[in-house]
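Sharing a structure here in structure tokens format.
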Amino acid sequence: MQAFNWPVRVYYEDTDSGGVVYHSNYLNFMERARTEWLRSLGFGQQALREQTGVIFAVTHVDVSFVKPACFDDLLDVTCEVESVRAASMCIQQRIVRHDDGVELCRAKVKVACLVAETLRPTPMPKQIKTEIERVY
Amino acid sequence: MQAFNWPVRVYYEDTDSGGVVYHSNYLNFMERARTEWLRSLGFGQQALREQTGVIFAVTHVDVSFVKPACFDDLLDVTCEVESVRAASMCIQQRIVRHDDGVELCRAKVKVACLVAETLRPTPMPKQIKTEIERVY
Amino acid sequence: MQAFNWPVRVYYEDTDSGGVVYHSNYLNFMERARTEWLRSLGFGQQALREQTGVIFAVTHVDVSFVKPACFDDLLDVTCEVESVRAASMCIQQRIVRHDDGVELCRAKVKVACLVAETLRPTPMPKQIKTEIERVY
Amino acid sequence: MQAFNWPVRVYYEDTDSGGVVYHSNYLNFMERARTEWLRSLGFGQQALREQTGVIFAVTHVDVSFVKPACFDDLLDVTCEVESVRAASMCIQQRIVRHDDGVELCRAKVKVACLVAETLRPTPMPKQIKTEIERVY
């Protein structure tokens, strides 16, 4: 699989008074990339929820904050499947500064498939699992 | 009515790279104060939703950002009813720096009562309206 | 002036448990549009700060939240100058749902030019004022 | 060391349209607890920055999101030093629901001491290191 890439611009809302992006906001950027990656495979998550009753939820993250991103930086946020199981998947993500390719952040994110109403784990809908295994 | 007061501490998450609290976060602080004011009157909003099916939603704000709050500042966020109607109320709010009482922000916030499922306006539950009119 | 338009996608991070975009996040969306509007005129704000020592800060907002935006919605956020003064400008902004053009939010936002170091008001750099008056 | 505990209330701003706290916001809650823990030891971080020129920055997190927190929940966020080095420390944190003590989230957070101006690693100020080693 070639990593999926999603561009993210850093706005004031993302920064803190240390002058750089506030650490938890990188997780938001990474979720934007995962959302757009699923959309690129044909799965808008709102439609998915309405049609199948499932949502994806983050159950574990391991994140290294390597270098800071700054206001107005353009970032490339990538997303690559590491492993797929029946009801979850593990995704590797990186954030690099677009202008010079310097790595700012890297992470492993585990995402579980849940029944939206009960928040209990459930196998991924077959069409998603098939499509993810195809590109993986 | 004496204004209800709720203390809020400024953390890194609230600031931006200008070195001060990011403007939209003052609205979050003001909602925390409204939430705690309602709780002080006996109305936890989650219980309210479960029992009556209604939620409160902000429909209009007019906010003056007078002076900036900084990281680690302790703020006093007040909340005072200006007017009450069947399905909405208008609340005056101020944010002052706790240490010297300097006004940082003042706002008028209009809050409407909505059916949670449909997001349509509905009259406030009677016990809330009565209690608000009592303290008002 | 034709209104500047910036597309914004709604992600989970923008929503709340009411099922819709949390009210203060519309202000973030509007700042993204103002930032991109200034960039489209040739003024990246980080470069501006480094070169002239000034930043823009929101000093007043008047916002009507008309209808809710939902997860996965694509929004058009517009930005149109209403008036320009020496050290501030007033900008009209609207947020509409891209798919059907329904208006979700409209606002007047007053933005002041400040010395970054002292946060005191200062006249806008001439090249910006000239350019804004040209498009206005 | 007995774990330091800081109470956090969940507001609308913290939740997402899945009906629960948005995952990255737990990191914000954990930073609030670390900030208050340092304050309880006598170290306000703004004063620290002004007096010594250093800030603390998160360089690595490993977070398990065990169960979801909901709107209006009261949470206990704990903070316990796992190890201290010259220029960094590793902190174990847990978030439990106050009412029934159920664990919602646990994390290891590595925090580095940086020169605020350059964002380069630097040894912790001696008075902090001494105090942390005393309670540790």
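Chains here go by letter, A, B, C and D, matching the order in which they are written, and residues are numbered from 1 within each.
The rule is short, and it goes like this: a residue touches a chain if its C-beta (ideal position, glycine included) is under 8 Å from a C-beta of that chain, and two chains touch if they have at least 3 such contacts.
Bear in mind the structure is a predicted one, so any value in this text is a computation, not a measurement.
Although chain A and chain C carry the same sequence, what matters here is overlap: shared residue numbers make up over half of all numbers found at their interface.
In terms of C-beta pairs in contact, A-D outnumbers the other of A-D and B-D. Taking each chain's centre as the mean of its CA atoms, C is the chain most distant from chain D.
Centre-to-centre separation of chain C and chain D, using mean CA positions: 33 Å. Centres computed as Cα averages put chain B at a distance of 27 Å from chain D. Distance from the chain A centre to the chain D centre is 23 Å, each centre being the mean of its Cα atoms. Multi-chain contact residues of chain C, defined as those touching 2 or more other chains: 12-13, 18-20, 24, 28, 31, 70-71.
The part of chain A that touches chain D in the complex is made up of residues 18-20, 23-25, 27-28, 31, 55, 57-65, 68, 116, 119.
Within the complex formed with chain A, the chain C residues making contact are 9, 11-13, 28, 31-32, 35-36, 44-47, 70-72.
On chain C, the positions that touch chain D within their shared complex are 12-13, 15-20, 22, 24, 70-71.
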